[in-house]
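Notes to accompany the following structure.
Naming follows writing order (A, B, C and D), and every chain is counted from residue 1.
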Amino acid sequence: MQNQMSVLEMNRFLTSAFPEVDTRYRVRELPEMGAIIDKLPDPRDLRPGGTLSGAAIFELADISFYVATLAMIGPKALTVTTSAAIDYMRKPEAGGMWAEARILKLGRALSVGDVMLYSNAHDKPVAHANLTFSIPPRESAGVK
Amino acid sequence: MQNQMSVLEMNRFLTSAFPEVDTRYRVRELPEMGAIIDKLPDPRDLRPGGTLSGAAIFELADISFYVATLAMIGPKALTVTTSAAIDYMRKPEAGGMWAEARILKLGRALSVGDVMLYSNAHDKPVAHANLTFSIPPRESAGVK
Amino acid sequence: MQNQMSVLEMNRFLTSAFPEVDTRYRVRELPEMGAIIDKLPDPRDLRPGGTLSGAAIFELADISFYVATLAMIGPKALTVTTSAAIDYMRKPEAGGMWAEARILKLGRALSVGDVMLYSNAHDKPVAHANLTFSIPPRESAGVK
Amino acid sequence: MQNQMSVLEMNRFLTSAFPEVDTRYRVRELPEMGAIIDKLPDPRDLRPGGTLSGAAIFELADISFYVATLAMIGPKALTVTTSAAIDYMRKPEAGGMWAEARILKLGRALSVGDVMLYSNAHDKPVAHANLTFSIPPRESAGVK
């Protein structure tokens, strides 16, 4: 199976579909059935003790798997998360993060996979998430 | 077991500890071993199709369970999420949401429970999350 | 929405569809959109320390939600688990257990809900699980 | 970090600690921070349609991560599952399965990781699970 979108096309799509999101994430690479995403530092995500909020890390996982799925099926913006499970393993330092998403099953109706989440400050994963996305049945006309 | 904090104290704590979060959430009620939280509408949470982002709903679950736990143990800001699993069930309409958190086990090191998430637009739950929080071993001196 | 099956019909269905399972579980009650199931003690489920295996508790959750779903949609044996998340909270004593399953959303393709799991030895929940089941698209002719 | 147990020692430990389990699982390999486990076919795990029960697949995930953890910390039989999330992706054919467990974080109190589950019949994963185990605080004297 081949990617339907390049890194450039994906970053452009995110800019137009999610103006808010775009300023905080950048698609770095789109390997087959996967995505590598950078999360730029954002003071709003900080929590007491200089750590990142669990919700900010979850958002990175969610967006990374969304990008990995869209890269394979094309820009169907209405693709939505149906379930997710996340384990937080290490304290993320303030500063940027990055994520590596991997699709384990891409069916007609569902995309299932996981995301490993890293802090730029060290090598070991900060968190690990499993996600399932629902793919809309008909080709949507992109973003309205 | 009794609540350690009132609704007024909790809203004040959130304002001082999480200035960003505070403008978007309001503690409505603190029943024993639980919390009811209102999420104010926020245009940044919107997604194509007029729905809310999965990450915004996750954040509401996370904060609701955080508040439920802190109400029982007092304002230990360093309490952190260790794992979470969320099922998205219905499309949340644009507009406000609210959540009902319930602690199922409050141990010395862990708080385990679930959160039911509702859109203001209809009665049925939009999502349901299970969460586990780690409680810091010693009384922290509150927020720094 | 009304139940499609009585407790008697459900116990008979389980006996014919899952001879192995039937000797270990008994449907006690089928409230609307839910099920209460008893798990008989089984020495094979024991683990060192006199506790029950996590997998045995998971099986009880899975079967309870299966029964709750089938009670609403009729005996479609091919209904299968698509995802599950379970939190283990307290050590289950050796001896029987029981479970209360609750459907939170029953759609045409998916049934989503949770199960609270109890040891007969005490009142507090031993574990809590979220489950999603996939419902086969066409009426299956029951068990073959 | 090095393994504390060899494949031979682990299979012997399982035989003595879990006589029931041992006849159904076989440790194939113990790479650092991981385990590869074979599940022998067992007619009791079959379900209508010739597929394996979700609970049987969960048990394989649970045991695989248990073995991976014990291989690193030594035979502390009281190590227990605290949470798990599993996604079922493809129908497992009747016949054997195997699993590859991977530890993502091994702390003093918790072991966190995931397990990829395969049917012997085809290459693609049948299911994927995230697990967290609690490690007992003091060296237990093995199995009693």
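Everything below uses one rule, namely that contacts are C-beta pairs under 8 Å (C-beta built on N, C-alpha and C of every residue); 3 or more make two chains touch, one makes a residue touch a chain.
No experiment lies behind these values; they were computed from the predicted model shown.
The greatest centre-to-centre distance from chain A, using averaged C-alpha positions, is reached by C. For the interfaces A-B and A-C, the C-beta contact count is higher for A-B.
Mean C-alpha position of chain A lies 29 Å from that of chain D.
Per-chain CA centroids place chain A at a distance of 23 Å from chain B. One simple way to say how far apart two chains are is to compare their mean CA positions; for chain A and chain C this gives 34 Å. Each of the following residues of chain B touches two or more other chains: 82-83, 85, 87, 132. Of all residues in chain D, only 85, 87, 89-90, 104-105, 112, 114, 124-125, 128, 130, 132 touch chain A in the complex they form. Note for the complex: chain D touches chain C at residues 17-18, 20, 44, 47-49, 51, 53-55, 58-59, 62-63, 77-78, 80-88, 91, 143-144.
Within the complex formed with chain B, the chain D residues making contact are 82-83, 85, 109, 132.
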